[in-house]
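Below are two complexes that have chain A in common, paired first with chain B and then with chain C.
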Partner chain A sequence: MHKEIADYLNSVVSGAEAKALEAEVGDSSVLVASEHILKVCQALKDSDEHQYNVLQTISGVDYPEGVGEDKTPVIEVNYMIASFTKNTEIILKVRVPRGDDENLPKVDSVCSVWTAADWQERECYDLVGVEFVNHPDHRRILNPYDWKGHPLRKDYKAQEVYQGMTVYPEDKQNIPEQDFIVEQNKLNDEAKAAAKKAREEAKKDN
Partner chain B sequence: MQDSVVLLKMDDFLNWGRKNSLWPMTFGLACCAIEMMATGAAKYDLERFGCGAFMATPRRADFMIVAGTVTLKMAPRIKTLYEQMAEPKYVLSMGSCANKGGPYWQHGYHVLKGVDEVIPVDVYVPGCPPRPEALIEGVMTLQKKVANERLLRDKWVKNA
Partner chain C sequence: MDSTENSGNGNGQNKYGGEKLKSELLTVNMGPQHPATHGVLRVEIKTDSEVVSEAIPHIGYLHRCFEKHCENIDYRGNLPFCDRMDYLAAMHMELGYCLAIEKMIGTEIPRRAEYIRVIITELQRIASHLLFTGVYAIDLGAFTPFLYCFDQREKILRLFEEISGARLLYNYIWIGGVWNDIKDGQLARIKEFCESFPAELDKYMNLVGQNKIFVERTANIGIMNAEMCYNYGATGPVLRGAGVDWDLRKKRPYSIYEELDFDVPVGTGEKGTLGDCWDRFAVRQQEMRESLKIIKQCLDGIEEGPIMGKVPKVLKLPKGEIYMRTECARGELGYHIVSDGGKVPYRVKAKSSSFTHTSMLPEVAPGLLIADFVAVIGSIDIVLGEVDR
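This part shows the complex of A and B:
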């Protein structure tokens, strides 16, 4: 099914570079070139054969060490779309370079195809940091508007102070106590090992 | 009984009235709020202690139950609500999150590590979430605190 959809997309959208990713474990998907995502989505929705009329979710995934064999750091945007008339579901993927805070990766917004994309894309922008070009209301959705950074990126560092509030006050971190627990566990393990050894030796003597 | 006279200190008289009509603010943040609602409902009946009248505005409330996770986004709003309450006002911090960040104490980039970072807290109720009995005990502790206050003396008697 993914192969047919990839072929269909390649025949309808020139330069879509659609490729079926058949997964042995988990869900198969169709990878397309990021600059053509809007045309691809429009084609899937408009086609009489497929009729993908519902956008279920958009999710962003950060791969700082690349996907599989390919080691280039990417951010993957997954579009889970469904056809309620044909009773089918498919995952569309695009991969974009990670960029940085000043230079976020850009993907075309698909709000003009499915209105449901509006908040989904805002969430993706807020947490993973993908800019959706031509989005009607491009703001953060969960974090405050003056928030710095995109928290679901793997290299995200929480800000130390937000609006005068310390995020990690030193007097409320009980890390030394945790070290104590680690130490205790080590002592317990040693004691257990010694007891086990003694038991085994006692067995041998018998 | 009708002609009897009761002699007592003005402070005690006021405190008796205040402690038996502590009105909380309708204000819940997370799962602790569910326990708070259970406490206010028929089975645990917070009204027995005069605390069942959840006020829908900070102006009419005597104390605030901070029930749930305080995110950094919510913290300035909680501060505003606290400032809108009329004196004398009290804060009851309910549950681990409001006490000290709870399960988010180490990796919760968006969670305030305890509501006492932004507003003064009178009573802490531990638990995740605390059972209604625990919240009732917290309220009763607050009542004891109110009963032992000397507002008039502190205000009018110099060097009290």
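This part shows the complex of A and C:
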């Protein structure tokens, strides 16, 4: 099924470079070139054969180490698209260079195809840091409007001060080096060692 | 509005004359602490007298970084966090997450666990819709139905408390099965509930649904037609209220729904236009009846046996990704789980239906009265925990 969709996209959109990624476990997907995403989505929605009329969600995934063999840092934007008339669903992927906070990766907005993309793209921008070109209302959505950084990036560090408040103060941090956790772990280890010893002795006796 | 149109004495000489009166849009912040918004939703409304001309929802007041948490905790440890998304239908949140992971590791679920899961989630659907019915009536000014609904909901919550140990956030459905077995006495109580409940449903329909004031307040208000629902990606009772026969339990069956016999109620536009607030209310009422049907079949078919399948102690997902959709009380819930082969998920993304439905508010709001806008917010039955995650 993914192969057919990739073939269809290649025949309709020139330069789409659609490629079916067949997975052994889990879901397969179709990878397309990021600069043609708008045309690809329009083609999927308009085609009588596929009729992908619903955009379910947009899920950005950060790969600072690259995907598979390719080691270039990328951000993958997954479009979960479903057809409620044909009862099918597909994951459509684009990969864009990761960039940094000043220079966010850019993808064309698909708001003109499905209105659902409006909020989904805002969320993707807010949390993963992908800029959607030609978006009608490009703002943060879940975080405060003046928040800095994009939390779901793997190298994200929260800003130290936000509006005069300390973010994540030291005495609230739940880190493994904290005293009571160290103590708890020590007690656990001792208990485990004692239990193991007892078991071994029991075995010897038998 | 052109102020010269309604000038006081024709030539506008009077101090109350038209040119002195100003008419401009007033900005009203509805929320974040407003009882009619079902949580911490802030809607910035631009009004001209009582008529809404623009509504802008501001969300994120309940954002708890669910997705970020998931990237740091192992697969089993994430389950309680799923509960806290939609805290009124927590069982559904767990079920979707567990199904996605079970599909990845290919675990077989024992039959008894499957039956228990379906019984529990359908009971949860009833509990959630009961809360909707009561709270929606309060939104529109009727207090009594709330008490009736909560009386019945209490029965379900008591049962859940006995089975799982908690009233709202259960952590009951586990990867591979369920945590605790249901005893025969509890099954008998569920059966008793199934027999007594239809009479209650009739009561709600007579007391609320057919009430003249209620019909006036909801029929022809906040129309979301099928075209618009597709465009915004709306699902669940909102989509079915628009007359679309779409239910994942039927269309893409998961668990044992394939073997069960039930109907999918859709909106008919009985009191007004297809896809108005009344239709969404009516669809939920009928859905409760269908849930009862499902529960009865499960009670007849439930088998003896184990309640947990074989799941490795250290749970590692194979490298890959999955997108799993389930039908929740409020619409479709989708989990996109990406694994890099390790003990913790590489990325978990939850697609929540409340989020999608909230995004439809700006489209339906223009032209509504403020009080009617409250009726629309109530009718899509959002839970802010799920919107903000």
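Note that in this section the second predicted complex is superposed on the first by the 173 of 206 C-alpha atoms of A that agree within 3 Å, B and C clash if a C-alpha of one lies under 4 Å from a C-alpha of the other, contacts with A are read in each partner's own complex, and residues count from 1 in each chain.
The working rule: contacts are C-beta pairs under 8 Å (C-beta built on N, C-alpha and C of every residue); 3 or more make two chains touch, one makes a residue touch a chain.
Worth saying up front: this structure is predicted, and the values here are computed from it rather than measured.
By the touch criterion defined above, A:42 reaches neither chain B nor chain C. Using the contact criterion defined above for the overlaid structures, shared-chain residue A:143 touches chain B and also reaches chain C. In the superposed model, A:158 lies in contact with chain B only, and not with chain C. In the overlay built on the shared chain, the residue A:59 is in contact with chain C alone; chain B does not reach it. In the superposition on chain A, A:24 makes contact with chain C only, not with chain B.
More residues of chain A lie in touch with C than with the remaining chain of the pair chain B and chain C.
Using the contact criterion defined above for the overlaid structures, shared-chain residue A:51 touches neither chain B nor chain C, since it reaches no partner. Contacts of A:112 after superposition on the shared chain: neither chain B nor chain C is touched. Contacts of A:10 after superposition: neither chain B nor chain C is touched.
Using the contact criterion defined above for the overlaid structures, shared-chain residue A:80 touches chain C, although it does not reach chain B.
When the two complexes are laid over each other on chain A, chain A has residues 143-144, 151 in contact with both chain B and chain C. Considering their complex, residues 72-73, 75-76, 100-101, 105-106, 109-110, 112-114, 117-118 of chain B touch chain A. Interface of chain A with chain C (complex): residues 23-27, 29, 53-57, 59, 61-62, 78, 80, 82, 84, 87, 89, 91, 114-116, 118-119, 123, 127, 140-144, 151-152.
Those residues of chain C lying in contact with chain A across their complex are 59-60, 63, 65, 67-68, 71, 103-104, 106, 230-233, 244, 246, 251-252, 318-323, 325, 332, 334, 336, 338-339, 346-347, 349, 351, 355-356, 358-359, 363, 388-389.
Listing the residues of chain A that touch chain B in their complex gives 143-144, 151, 156, 158-159, 162-163, 165-169, 172-173.
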